[in-house]
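Both complexes below contain chain A, partnered by chain B and then by chain C.
Moving on, here comes the complex of A and B:
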């Protein structure tokens, strides 16, 4: 592996790591709300979160390119705030990854929260635990397998992202050329040896992560990908 | 496949549908071409002209053109490694057809130059690009899009221009690499890149006004982009494929190719 390939590995790890942290920060309150609310807008909110599961990456990439471009509302907002433009930047990839991987984080968390018996939370309430206290000391520990699943799937799915990154990234070494794009470029340039080195590594990584996830969750007695009892 | 469904009994129809679905999943839906169809892989920069040529071709011969547009490097991989069912390749260079013939995927002696590409520096903003391309040095832009020089001949030509102007290193931080010349066009058209090197055929559509501003790069600044067509093994002996090769050399086709700004 040459230096450019290692740069792609490092960049991919940074993108997936940062995206996972942001996804957990944004996804936890969202999943908690979705799990508890009786609001009429819940089906709409749940659908919006799940959209990236059914939309092709080309649709998401196309609209992100238009929205974040100089004439798009998001692009005009980021420029007005002095942040510049998001396409062709690492920050743009983070924003896209958070959107794209959101269902992989929110859905396991939501299922884990929904599985918490109402009685446990009521018992805590009778012991005068406030809402935040109940969430931190009762809900979070009970939902731990869900968090593990959410974090691993969010990270792995961001590593596996390709179409959106290709459409808004601009393939810039050290900035937006992540592993999936680097493999694609090696294949297109018919440098199959380099493509194999990266591609085989990614196959191994994906298998390792998923085996570890299933094994860990099995030990906890929970279903790895559903996190429901 | 509505044309199939009208002709076949219900069970065969169902089987055909099932087969089409299965094949569509592997991207090979175009494989079992009928005798009067010709399956063409066309370089992204020539997709528009081919569409027009295909209309004249169908009117003249009755044969139908099924075209897939993309990067020439990608087609090479699909043909050489994947056994793609294309009968003709209209490449963006002359190297790929030569290589396909040498490796036994193309028919020897069938390759010829159907167009000579014209590189342009283009911006969607009127007045940004001047007639000498001095905007590259004066630097009133934040991003310059080029097609990937490793895989796209127009990208390699763009890089040569930057090197000839002594700007390759200075502009490296502002360069964004598109997957193909079509994506380079898309980056510029959406305004995400102010400037980009594209093919003249993409911005100078006959009968339509040119949007934005452009600089026709003098051919002395880059290696001539000879775009060759080659008959591939699946098309060998197929009358429709041979007819299209012949039609590309005909007067009406050549006039159309030149109208798009290609040399011949």
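Moving on, here comes the complex of A and C:
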């Protein structure tokens, strides 16, 4: 592997890591709200979060490009704030990745929060724990398996994205040229050996992550069974 | 004194109750499922937002007229529900510590006393998933007590347990009742639990209070729906008077008389609560001679209530023929057939003999 490929690996890890942290920070309150609310806008909010699951990445990328471009509202805001333009930058890639991977983080978290029995939170309330205290000391620990799933899926999905990256980020080495794009470029250049090295690595990585996740889930399932009286 | 007026519209009925419960002892909210008793308890805890007012020992927990509503975590109470609801991610010790650490009132009660009272010392390092149903419920009660609450609310604490586990928990509940000067409000739909644990009884029906008062008084009222239950009967507060080891019998004594029953474990002088079911009591005009029934008490017929085939008699035990027995006098209920009632032409006020076939200590 040449230096450019290693740069792509490092960049991909940075993008996925940063996106995962942001996804968990944004996704947790959103998932908690979705899990607990009886608001009439819940179906709409849940649908918006799930949109990336059904839309072609190019559609999402296209609209993000318009929004974040020099004439778009987001683009004008970032320029007014002196942040520059987001398209074709690492920051723009992070924003796009967070939106694109949101359902993979919010949905497992929402399911984990929904599985927490109301009576556990009520018990905490009658034991003098206020709302934030209850969330931190009861809801978060009980939803821990959901956090693991969410983080793994969020990270892996960000590593695996291609269409949105190409639309928003382009192919700037060290800035937006992530692994999936690098593979594409090698193939375009008919450098199949280089493409193989990266592609096989990613297949191995994806397999490893998924096997670990399913194994964890199975063990948890067995535990849950043992816990039933 | 616990005073509450609560109103809350529900799908099948409108909850509308005014309660005045004594500041000590166990008050039982009794009624069929769906009568609103759990909702009342949840509203007392602040888990349910009913309209009205809740004042406990002079402390205002809720007063809509003045815009006061303490959220549950600011009310000094303990709350125990059917399913225990222990935190599965914490061991028993950490479950106990959870509320205790957060409570400003924790010094009202020593943790060791709570642990001893409920016999959970050996369980401290265990996870809830490894405990039996009865153990879990004991830990849940201990966890609530460890906060040093001023009021303990219990919602069917025994309903999820089988008979064996129930028998395991009941003595702890009774000890709790005797050992701590802590008012308890307990919800149940089982009359035997109410008869065993209650000092004060509130009958709820479709969201309203049907009757409320001291347990013995309410159980002895032949015109309440309670008396139509098959297990209708009275409770008698008594003292163990003597044991007859030769025949395996125990005599309990109370103002105006005494009763023999199968040998009990309690020591002479100990206070006990006995239950006499209406179906185990019959009456006669003359003192029975050559009868196999050990327990015959002179009584006076106080009130009667009959329906198509049966009649329920309220009898006041009158050893000395007191003219106007006070409210503390021991009363019995007797269920007889309407035919017997009419054949004997029983009239309120007349002296009779009650023959009692069954007495159970609780």
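Definition applied: the second predicted complex is superposed on the first by the 221 of 229 C-alpha atoms of A that agree within 3 Å, B and C clash if a C-alpha of one lies under 4 Å from a C-alpha of the other, contacts with A are read in each partner's own complex, and residues count from 1 in each chain.
Throughout what follows, contacts are C-beta pairs under 8 Å (C-beta built on N, C-alpha and C of every residue); 3 or more make two chains touch, one makes a residue touch a chain.
Predicted, not measured: the structure shown is a model, and the values here were computed from it.
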Chain A as common anchor, with chain B and chain C clashing or fitting: fit
Contacts of A:130 with chain B and chain C, given as first, second, both or neither: second
Chain B versus chain C as contact partner of A:5, first or second or both or neither: neither
Partner chain in contact with A:189 - chain B first, chain C second, else both or neither: first
First, second, both or neither for A:119, with chain B first and chain C second: second
First (chain B), second (chain C), both or neither touched by A:166: first
Touching partner for A:88 - first (chain B), second (chain C), both, neither: first
Angle, in degrees and to the nearest 10, that opens at chain A between the C-alpha centres of chain B and chain C: 150
Lowest inter-chain C-alpha distance for chain C and chain B in the superposed arrangement, angstrom: 47
Chain B contact footprint on chain A (complex, rising order): 65-66, 68-71, 85, 87-88, 166-167, 170-172, 185, 187-190, 192
Residues of chain A that touch chain C when the two form their complex: 117, 119-120, 122-130, 133, 137-138, 141-142, 144, 226-227, 229
Of chain C, residues touching chain A in the complex: 45, 47, 71-75, 77-79, 81, 83, 85-89, 98-99, 102-103, 129, 132-133, 143-144, 147
Chain A contact footprint on chain B (complex, rising order): 71, 73-74, 76-77, 80-81, 142-143, 145, 148, 150-151, 175-179, 183, 186-187, 190-193
